[in-house]
Each structure stands twice: as C-alpha cells, then as structure tokens.
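Chains: A, B, C, D and E, in written order; residue numbering restarts at 1 for each.
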C-alpha cells in the first residue's frame, strides 16, 4: 500500500489548518461555514484513511506496517533525526479514536459555533489540533512525539482561551499551559536521560533496548518516571490535575474533543507507547498504578459536589483517566487503551450533550436547568446512554473496559482495587446526579442574562440536526464499541489475551463475582442519585450539612488551587522568592554597579577639593611626592 | 590577497550608507529612509547569496570561506582579514536581516532622522564586522565601534531614564572590553599572532610556554560575559533594552548580545580547550543561575519592555550552558539558540515597540484586552511569545532542545546532567511569564481607552511576516541552519575531544 | 661640525627674529602668522628631508641628529603649525603683542626641538628652561587675573621643579663625573654592581630627575599645576602645553633614561617600576578628578594627566624591557603623535566654540550639535579618541602602548589602565551628551575662520588616519625608536 | 686649615643669612639677607677654586638679581606688610626637614668617586675655552642666548600694561 | 679637620632645604622667588663642589653653574614681570589670595 496515504492521515488536517489560517480567514471570512466544511472534509478523509489503516494493520504481520523515514535533521554524524511514522495496532486504534471524535465534534461545531466571531479561527485551531494529535500518535521517535505533544498543548491553550476577552478563559488557558508544562519538564528530562544512555530517540529502538535489558535499573526507572510526569501533566493526573476543570472555559466541543476524548488521553497513550520501558521497571509501573488509582477516586470525590455540568464532566474525565492509568499500571497496554477507546466516545458524547444543553439554556449551571428531557429528547436520550456507559452498566462499552481494569487491579494492586470500587459507586452517583438535575423535574429558567448565544429566553428547544446527529452516532458507538472486545479481539490486537466466541464473552461476566459487585455498586449509585435529585427522598442539603467538612473539602477541591496559586505561586514564589531576587537584582547587583560609579564620582569630588588653588599646597605635593617615592623605594626597593 | 570582495561589500555598505546619510544627502526624511533601506537591503541580499553559495560538504568542516586578507598594520602584523565559517555565517545573515528590518521598524522615526539612520547604519557595520573579522585587532575594533552609535541611539531617541541607561551601557561595555583588550594583548604576546584562525589551529602549545593560559581565558571571558550577559554582569541589559528605541532594542537583543556568545566560542573555547574544560563547571553554574534567576526576576517585571529584556538574560543562560557544556551538540545548540533568540527577541521587541507606539502605554498593569483592537499584532506577538517559550515548530524549540540534549549528554563537565535539568526547569518559568504577559496585554475584556488603537500597517506587516516566516522555517526545518553551524563547530568539538 | 644639520633650528630662530622685527614695522598683523607658518614649514621641510638619514651628532656630540630627534622635530613643528593656525581666531585678544606671541611660540618650539635632540645634561637643562620660560610668558599672555595667576603658578612651581631636577642632575653628575648621557652610561656600566647598589646618591638623583621631568609631563603628584594653568592660559597655549610640552617631556625622559640609565638591569627595572606606579596614580587621579569638572579646559587638563598616565605605561615598559626591545619607546612615540592630533583637535574645537560663547563651561556647550554640527562632530571624534575607542587614533595608540607593556610582563598595569579608560568614558561622554542632547540656548551659528577650520580638519583627518591605517605612523615611530637599540 | 676656617665661617653665615630670608618679617631685610647669602656663596666658590664663578655670582646675583628683587619689593610696597607665613608653614617645615634628612643620609652614604687631581686654577681662560672652544659647551651657550631673548620678550609682554 | 666634598654637599643640602621651606611657607611672591634663587644657589654649590672634587681637571660643574645662574636670572626677570602684572590687578602679591583657579 502506498505510504503516502498514511502520511495523508496526518497531512490532511494540516492542510486544512493552513488553508483556513492563511487563506480562508484573512481573505474570505465572509463565507460562513466554509472553514467548517473544509475541516470536516479533511478530517473525514483522515477518518477514512484511518479505517483503512486499521484494517491494513490488522492484516499485517505483527500488526505493524513499516513506514519509511524521512531524514529531517542531522545533529551530528551518527545522530540523525528522522521524521518517521509508526503504524501499529496502538496507533491505528488511536487514529480511529482521534478521527472519529474529531469528525463528530467538527460536525457538531458547525451548529454550536455558528455565528461566533471567531468561527474561522476556531476551525483553524481545531484542524491544527487534529493534525497535531494525529502526529502525536503516529510519531516514531520521542523528539517528534514531544513536538506534537507540545503542539496539542498549544492548541489546547489557544482553544481554552478561545474567548480571550473573558479573563477567566485567559486565566484558565494560561494555567493549563503552565501546569502541563510542569509535567513536560519531566518528560523532557526523561527524554534527555534516555538519549544520554542510549543515544537514540527512536521509540522502537528504546523498546528493544529495554526488552533486551540494555536499558535497566535506576536509569530506566527515572526515565520512565520522567515520561510519566509528562503524562501526569497532560492527562491531568494527581497532583497536576488542577488545570482540567478550569479548561472548561473553552467552547464545549473543544472540551469534548481535547479535554475529554483525545488530548488528555495522550498521557495514557504515551505510557502505552513507552510501555516496554515501564514494564521493565516495577517501580515505574507501580507509580503509574498508584497515581492512577488515587486520581480516580480523588477526582470522583470532587465530581460529587460540582454544580457546573461541565465541571462534573471534567472531574469525571480526570477520574476516568485515572482509571486508564490504573489499567495500564495494573494490567497493561490493552487494558488501559481499551478503556481509553471506549471512554473517548461516551465522554465526547457527554460533553457534546452538555454543549447541546448549554446551547439551549445558555448556562452550564445545573441548578438553573431541569426538566430538559421534555424539550430535548435526543440530547436526553444520548446523554443517558453515555451516563450508563460510563457508570459501567452491562452491556454498554464502559462496562467492558472498566471490568477489565477492575479484574486486573484486583489481581495486582488489591489496595487500589478497593479505591476503584468506591470510585465506581461515585461515578454512577455523580453522573446520574447530573442527569437528574439537568433533565429531570421542571425547567428552572436557564441563564438569567444569557451571553454568548441569543434567543434563550422562553422555552429551551432541541438543538439542530447538525448537532444531534453526531450525538446519535456517538451514542451508537458508546453502545457498540464495547463489543469489539467481547470476543477478546481488541486485546489480541493489542497483543494481550486470547479471542473467544462472542456470546461466551458477552455473558461471561455474569459467571464471575466481581462484575456483580461493580454492577451493584453502580446501580446503587444511580439509585441514590435518583433518590436525592429526582424524588428528593433524601435532601441533598441535609446530606451536605451532615458531612459538612467533607462536603467543603470536595467543594473547595481540597484547596489545591489555593495551595498552588496563592500559597506557592503568588506568595512563596512571586511575592517571596522572585521578589527577593528582584530586590537583590536592583539593590545588590545593580547597587554594586551604581555604588562603584557613585564611589568614583564622590571620590572625584573629594580629590578635586585637594586642588584648592593654593600654589604652595601644590608645591608641598611635589615635595611630599618626592619623599613618598623615596620612602617607597627605601622600604620596598 | 583580497578575495572575492563579497564580505567587504557586505561589511561596509551600511557604513557607506551612513556617510551618505550624514554628510551627502539632503535632509529629507524620505530620501534618507530609502537610502538606509537600500544600503541595508543589498547586504542582506548579498549575505543570502553567500548563504546559498556556502560550501556545505563535510570536507568544508572548519574551513573559512570567502576569505579576504590584506596586510593592514605591518608593524604589529595585523591583517585586514575577513571570512566566514559555519559559526559566523548564520550570525552574519541574521545581522543583515535584522539590520534591514531595523530600518523598516524605524520608518516612523521623525526626530533627527539624518543622525538616527547614520548611527543605525554604522551600528550594523560594526556588528557585521565582529562576526566577519578573523583578525583579533579588527575584531576588537569592530567590537568597540558599536558602543558610540549605541550611546547616541539610546541617549537621543530613547525613552525613560535614557541618559542613565546609555552611559551605563557604555561604561559596562567598555569595562568588559577593557578586560578583553588585556586578554587580546596577552594572546598576541603569547602567540605573536593576531590571526584568530591560526591561533585556534595552533592550539595552546605556544601559549602555555610563555604565559599561563587561564588568565588570558578569563580576561577574554569577562569581556564576553558582560556582553552576553552573564550573571552578575547583566544589569546593564534591562536598562539599555528598556530605554532604547525599538529598532535599537531589536538590534541589541537580536545581534549585539550574540557577540558575547560568538566570542566565547570563537576565542575562549576554540583557543583554550583545556582551560575551558577546567572552568566549565563554574560557567555552567553561572548559566543556570542566569536561566533561573533571570526568569524569576522577569516574572516580577511590570514594564513591557523590561520584561522582555530580562527574559533575554534567561535565554542567554541557555547559550552559556550550551557553550560550556562543551559538547558538539550543545555547541551547535548554543549557536542555534543565538540565531533563534535573535529572531524571536528581535520580533518581540519590534512588537512591543509597536504596541507602545500605538497604544502609548508600556505599563503592563495598565494594558489589557488589546486582542480585539489589534488582532494582527496579537497574533504575531503570540507567535513570538510562543517561540520564546520554546514551543515546537518554532526556532526556539529546536535551539533549546539541542542545547539540552547536547548538554545533558556532554561528557566533559562533571554534574552537567543536574545543571541541565535545572536549566530545563527554566522552560516552565518562561512559559509562566510569557503567558502572563500575553494575557495581561491582549486578553481580558477590551479597554475603552485603547479603542481606535491602530493595528499594524502594511510595512509593519511585511517585517512581521518576514520574522515569523524565518522563525517558523528554522523551527520546522532547523537543518537549514544546523547544517552550516555544525561545519563550524565540528573542529572545535574535535579539539575538545568531546 | 656640519651646521647644515642645524638648519631646522636655525630656520626657526631666524623666523622668530623676523617676526619680532616685522612686528615693529607692519600693521597687518596677520602676516606675522603667515611668516611664522612659513618658517615652520621650512624648518619642517628640512627635517623631513633629513628623515631616515644617518648623521653624526653635532656641537661636540651634544646635539644628536638622529631619527628620534627628527621625529620629535616634525611632531613639534606640526603641533606649532596647528596651534598657530588655530590661534588666528584668538590673537585678537592680545592684539598689541601678536608679534611677541608668535615669536614666543616659535622659541618654545625651538626649545622643545632642542630638548628632544640634546644628549648632554647641561644642554638638556637649558633647553628645557628655554621652553619653560617661553611658556611661562605665553601662559600669562591674556594678562587678566586668571591668566596671570596661571602664569605665576606655573612659573613658581616650575622653578621648584627645575631646582629639583637640577639637584638630580647634580647628583648624577657628582656620581659619574659626566654630563654627556652616553658617558654616564659608560661609567655606570663600568662600575661593579655592588658599588651601584651601595650608592643611594645615584638612585636619589634618578628619583629627583623623575620628579623634575614628571612635572613637565604632569605626572601625579607633580601635576597640581596642570588644571589651574590649563584653565587660565589662552586656549591655544593650553593646547600647546598639553601636547607639545608634554611630548617634549616624554622625549627627554625617553632619551635620558634610556641613554643614561638603561643599562644595569636592576636600575632600569627600578625606574620602570617607579613609572609604573606613577602611571597608576596619574591615570586614576586624573580620571576620577575629571569627572566632576564643569569647565571644559579644566576637564581636559585632568584628562591630560590621565593621558600622561597611559603614556607612562610605555615608559614602564621601556624600563622593564631594559634595552631588549623598543616597543615601549615606539609606543610612546605613536601615542604622542595620536594624542597630539586628538588633543589639539579637541582644543581647537573648544577655541572656536568658546570664542563665540565666551565661556568654557561644559554646560554652555548645550545644543552645540545643532548650532555647529561640524565643530561638535569634530569635538566628539576627538573625545572618542581620548577615551581610546576605535576607529579613532586614541584606540590604536593605547593598543600599541599597552601591547608593549604586556610584552614586558606588565599585564596588571594594562588592566588598571584599561579600566581607567572606562572611567574616562564617563566624563568625556558627558560633554558629548551635552552637545548633542542639550537644549540650545540660542540658535546662532558659531563662526570660525578658515585657518581654524583647516587646523581642525587636519586634526580630525589625523585622528582618523592614525586610527584606521596606523601602520605607516607606527613604522615611523619604530624607525625613530631604533636609536634605542644597543 | 685656613680653608677650613673660611669654609666654616662662610657656611655659618650663609646658613644664617638663608634662615634670615625665610624668617625675617621685614621683606627688605630678607632681601638684604639674601644678598648676604649670595655673597657667602661667592666666597664658598673661591674656597672651591672657582674664582671666575665667584665673580659671576657677585655680578649676576648680587649685582643684578638682587637689585631687581629690591626694585620689585619697592614697587609692590610689600615692605610695610612684612613677610607673613602661609598656612602651610608646619607641613612645609616637616617636608623640608625630611627632605634634608634624606639628602644628608644619601650624600653621606654615597661613595663619591673623589679624584686626587689638583683643581684647575685659575679658571677663567679654561672656562672660556670650555664654553666657546672646540669641544666645549657651545650649544648651551647658544641656547642660553635664545633663552635670554625669550625671557626678555616674555618679561616685556607681561610687565607692560595691557 | 679637613674640609671635604661632603661638607659642601651638606651645606648645599641645608641651603636647599631652607629654600624649599621658604618657597612653601612664605606668602609673599617676591620672597618665594627669592627662596627659589636660594635653592638654585644651593644646587650650584653642589655642582661646583662636585666639579672640584670629582672632576677637578675639568670644569663641567662650573660651566653648569654658570648656565644655572643665567637661567636663574631669566627666571627672576620673567617671574618679577608676572608679579608686577598680578600686582597691577590685585594690588597684592600674597599667593594665598591668588586662588581664582581651583577645583
């Protein structure tokens, strides 16, 4: 097969970006929707090619298509940086995720972003993001991976700050960039460490070295942990999770694509991509699992109490990403990526649903919604499907991947298993809390002074087709995507486990105790939410005041923002250390300079006053001078 | 034997332009500006031709190309000796590029136009001279000539505490070059030659026999350290950058401070490899202090230009790190970082100047929400900012990455890995202040007082585009520069044995 | 004895006599200047014609006609030429005494030429006094209170210095029994080192010579007269003093210390170190004290003290070299040449500007860049040269002289010297700043005569040429310094 | 022996007279004291077999210079005002004493190359020879002539009214 | 007691120092000029003494002394002329009051 087609997967969105950015936006901005069509077309092309690539990879030996490299730069003799692509099962799967979700989101955005003054800019960034994300999953060496890693970060920054005139958006964008960069610092350090010890950036070569044992011991551990630090930043894992909730300031389709389905999952992908390295370092792998487990429950706990629907989803995302990390740490690539795959669809769906709701009501605050089921049936239906899926209800996709993670955790990390179980309950609860608060009961009026969109006064209404159709497609995927691994095919494709019959797989969970427990936990979570938010059998306020300290703890996000922003950044660094440096610079370093200059001037004035105009003083100086020379010679000469 | 004469033409055309502007032409602004543009554009075009003609084959490693040599001062054996190699060619191109753009950037100067352009052109000649000279005396002369134009440019067309800044710049620079002069004299005494190439090739055999090499190394280094600048010799920089007129800031940040790094590689490292190795740790530590301390102080700045100025201190720390990590890759990285920083900071200063010119405000606390009013400036500024914080696909990333990779894998300096990691951490802080600045100036709700602020006009768009294009070009395909740089670096690295 | 070798001096003396006589008869005083100039040109022409030749010493070996002497003759004649050119705008201030003025300038020049050429202590002393007495009178020429005060100070301090110098000569004479420099050297060479070391008299004599000559070249601590005299004297004379008189002092130091005390290495290094230390204090004090000055002539006075310090670096190098190389000597010669152009240029510009302003205050130079751009540019160039920045001559001069010092192990001295030139930038640039940045008090142009402009142009050309292509002048200096080879 | 007595006498008077110059309050008397000192110096020259020089000393110093000085004193009416000391009297004294000490120590400790040859006497023709003769000091003589010319010119210019 | 070279030298040193003191300590310009003459005379004694004892066969020192006397005369002439000029302007020749030029 021509390799150019594989390149095209990446290049099509890039062309789209270039066309929109350099041609459409400056010159034909009046053409509404043009940018969207270009983007959809190009990403559609990428999707088609990705699907083709997926099948080609499935058919290929070792599930891998070799792609010849292009020489990009030669740093020195022997060290050549190639611009190369990987096309293996992991990449193929990721490509599907990226292109599908991206395509859905772009279609959806045609409705959502209609009339926004930044419409063209939006599509330009979106194309760039998609291209970068595709590049990220296809890159065959760490350097390029890092390049695209940063590029998606940039797009994330730009899109979070899309409505830059809102200070909160600008703040959030900055925060996202800096916090993820903190992780990138570790990533870069890890790359450097690997390069130092192996002299290569090539991912496959690194794999081989790790497998062969040439790369081992503390070096490997530290390198792996460094890389994982990058993943922590990007995937918003504890303790670098603070940026993701704020990132919800961006347009909702952006949240769906970048901050739910794809970019934030890049961390998970990275660990998967470098998995042989982690595999050979128990410490690193354990670290991944522990961080993942902690993040899962930690984020879920905050999701319980949020009133902003997107924030609930954001914490849910963090929590699910934690799951994926846990899956990677406890089970392996197939497990983690399997959840990533499924999560992408239902989480994108959830976000798009939230966007649809917002489109109708002008708000994200669930306390202002309610009763939307009536007005927005399609949105409601798809949202519930996604919620069931994420809660892990059989036979939706979420069930299958979550189940795998739980089984593997139980086997390898028992402590984390219990946390994960609690998280299952919490997930179900907060998701259905959101469902009931949003769609159940009576409409509570939406945003009092709607901004951003017009015409929300009066009754909310269902979103246009262009928005609901993607919802439906994603809902279908949320239901069906799980079935891929019911036969064990996905796992086998990723090099894990064996295949078996469809129906065997489908009902196999019911023969085990563990799925039962998780189903029960999820069910009870849904039930509790129903009781509290649909039927008001239990007053949320009562519960809230009962667990006041806990509630506050969750609601204030464990004071992490305060810790980071106020205590560390603002006070310790800006007002403390940095201010101290500034004072030091102004007074000590510069002070020394000015002091020397001033000293010269002052002594000049002083010496000048020896020149009194008294002739005889001058004569005296001649005498003293001669005597001085004589004495100096006498004593030193 | 004089060579093709290309380099002489490039070198002296701006000076000829300066003389024309100052003494010959009528005092009409348009005539002067067009003359200045012409006399900077031709060198740019010529230097691009040289860039294309430059022999990139591996056999050319370490070769000086386009040499011109003629006896100049017989009694002290000084030659008029010009030439470029892989190290100086990119810097020459950069200087010609920025020199031309500086004229465009200065198009809106209306105060004492004749003098302004004369000084600006003279400045370009002197900077070009530094990069082109292969004779120590010529090198030093060119190094010194730059001071006077700078003094006038800051003093007359500057802003703020311009007089203080100008004299501070001069005294600081002269202070540094005072030591450098002593170093050059010692070098001349030790080797009996002023030929930079020859001294570099003959190595240290001669030097050590007469005079210990370490003092010479340090004398030279101090001169370059002031220019680069290296902590604690950096305090002239924020003042000078802040108070200089825009185009001068561009030149200052863009190429002037590169003279320091260039000199370090060309003289300190090439001529004293063992000494450089001996003291590399100290310099690497200073580099890291520069990176982190510079970044920390940058975070605290509230003046638009001052912030960028301080960021230069931080960025130049990477250059120092790359140089004294003494690895081949790190040296290539350092050279690329000089090139890249020249473009990026040049653009940043140009943009800051534009914002200040159009909005009449430079206090970051008072600026805000400009993105709506000046979208083009915003976009370009953002690109420059992102390049400055080392975003991939911009030249900043390629350069910093090479510095990091090269330093981290250098084998000549003990503990370099730790220092490099600390340096990498500087990238995070950089992101902090760049984004804070972008947010502060451009984001947030539009402010009323900036309604009607002019966006970039056609001329400004032209130079912005030129900047951005080169930044992206080097970022996406750095080999265009590194192929050349490595030809210059490889013999040096060979001497270091790294 | 071949009197033809004495023609430059005779021509000058004759010119002086003609000027005095003409002064009695003619009304058009400007002829006097032209006569003086033609005398200088003739004298200089002869000197140039003699350049490069190898002539015997005349007057019983007391007057060398070597290239060193010729070099200085040309230098002094050139300086006098420029000073007289630039005086044309100034002499109206003492219209009654123009003849005497030109005659005294010529006689002083004659004295200096002799100073550079004589090789006998007696002749040196008297030539030096010839120069001094002419200058005492010239300093007081304005006859206002400042001028006479300057003259008195110069005279009395000069007399003390000359007594000290004389004492030193007497001691040297007493120790060796000779007054001829070469003979002194022979005696010293013949003596065993132990005797020399046990003879404080000789060393004291050398110290007193240093002090006496140090007064002439304005070395700290014998420099106190300089700022006062420079300020009070008529500006052309200040220029003349600062350049020619100083050069004459250096000429004589070079000759005396090399010819007479150059040989025992310890002695040579001893006075080398004395000059090194004097150089350090001269540079430092001169520069630091110049910073707060408000009067430009006074500032240039302090600056000339600092410049003497740089020059003494060359003397120190000569002492340390103790005869093995002539770098220090040729360095001094080259420095003096470039300093002559530079400082004269500065003073000529000051003459032109001060004539109009009737003030020497730096503050009054405000806005001169607009009122008289070319004058201001010339002054700027000269000040830049004084700082020692390329492409002006001052840089090459410093480079060359510091090079000599480094070659002879005086790196520390060079470092101090270069840092000092940094300090000097501060006050020189202050003038530059005032001229180009200050507000103009009035828009009136500053007029100047053609002669003065010519002089200024020549100075600026000299400054630039010596800065950009110094090779030729350096060659001349080296050639002249070749007499310093044993 | 007679020489010794003459020396001591002349020396003592010369020193006392010199002290008189610097210590007497009356300017006129100080000038007279100076003349006395000059005379004593002339005597000392004779003890050193410099007869012609002694004559020159008397003619020039006692005859010409002293007259000039006294003239100046009379013309500037300084006689009445006396000869006050400056503020630098004490440092001047210290410097002078230190200088003297240095001089004496040096002069005593230096091994002068004393020659046993008897001095030339009388000196007049020998001096004339060495001043104007072949192998003599003709150059300084000529310079001295120019110097006097220059001094005359200078004195005229300075002393005349503006 | 034989009078030798050193007696003359010391005498001359004493006179020189007295002259030096006078130059530095007196305010009257004429007196100062007188003290300068004293110093020159002292040096002359040294010169003549050296001439007598070191090179008795030659008259170098005496020749030197003659020139010194010439110079001294010239100096006095010019010096007094200057003092006259000052006196005309200032009506005083107190050097401590002659300090227009300073700093």
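The definition used in the following text is that a contact is a pair of C-beta atoms (placed from the backbone, for glycine too) under 8 Å apart; a residue touches a chain by one contact, two chains touch by 3 or more.
Predicted, not measured: the structure shown is a model, and the values here were computed from it.
**Student:** Between A-B and A-C, which chain pair is linked by more C-beta pairs in contact?
**Tutor:** Output for the comparison: A-B.
**Student:** With chain centres defined as C-alpha means, what is the inter-centre distance between subunit C and subunit D in Å?
**Tutor:** 31
**Student:** Could you work out how far the Cα centre of subunit B sits from that of subunit C, in whole Å?
**Tutor:** 42
**Student:** Can you compute the centre-to-centre distance for subunit D and subunit E, using the mean CA position of each chain? Integer Å is fine.
**Tutor:** Using C-alpha averages as centres, the distance is 6 Å.
**Student:** Where the centres are mean C-alpha positions, what is the separation of subunit A from subunit E, in Å?
**Tutor:** Centre-to-centre distance between subunit A and subunit E: 96 Å.
**Student:** Among the residues of subunit B, which ones contact at least 2 other chains?
**Tutor:** Each of 171 in subunit B touches at least two other chains.
**Student:** Specify, in ascending order, the residues of subunit C that touch 2 or more different other chains.
**Tutor:** Residues 122, 126, 129, 133, 136-137, 140, 143, 148, 151-153, 156, 160, 171, 174, 177, 204, 227-228, 426.
**Student:** Using the touch definition from the top, which residues of subunit E touch two or more other chains?
**Tutor:** 9, 16, 19-20, 23-25, 33, 49-50, 54-55, 60, 63, 67, 70-71, 74-75, 78, 81-83, 85, 95-96, 98-102
**Student:** Give the pairs of chains that touch; include all such pairs.
**Tutor:** All chain pairs meeting the touch criterion are A-B, A-C, A-D, A-E, B-C, C-D, C-E, D-E.
**Student:** Looking at the complex, which residues from subunit D come into contact with subunit C?
**Tutor:** So the residues of subunit D in touch with subunit C come to 102-103, 105-107, 109-113, 115, 134-140, 143-144, 146-147, 149-151, 153-158, 160, 162.
**Student:** What part of subunit B is in contact with subunit C in the complex they form?
**Tutor:** 71-76, 78, 137, 140-142, 144-145, 147-148, 151-152, 155-156, 163, 166-167, 170-171, 174-175, 178-179, 181-182, 185-186, 188-189, 215, 219
**Student:** If we count contacts the way the header does, which residues on subunit D are in touch with subunit E in the complex?
**Tutor:** Residues in contact with subunit E: 3-4, 7-8, 11, 14-15, 18-19, 21-22, 27, 30-31, 34, 37-38, 41, 44-45, 47-50, 52-53, 56-57, 60-61, 64-65, 68-69, 71-73, 75-76, 78, 81, 83-89, 91-93, 95-97, 99-100, 103-104, 107-108, 112-115, 117-120, 123, 126-127, 130-131, 137, 140, 144, 147-148, 150-152, 154-159, 161.
**Student:** Under the definition above, what is the set of subunit B residues touching subunit A in their complex?
**Tutor:** Per the stated touch rule, the residues are 168, 171-172, 231-232, 234-236, 293, 296-297, 299-300, 328-329, 332, 369, 371-372, 386, 391-393, 397, 401-402, 404-406, 408-409, 417, 420-421, 424-425, 427-428, 431-432, 435-436, 438-439, 442-446, 477-479, 482-483, 486, 490.
**Student:** In the complex formed with subunit E, which residues of subunit C make contact?
**Tutor:** 121-122, 125-126, 129, 133, 136-137, 140, 143-146, 148-153, 155-156, 159-160, 162-163, 166-167, 169-171, 173-174, 177-179, 227-229, 231-232
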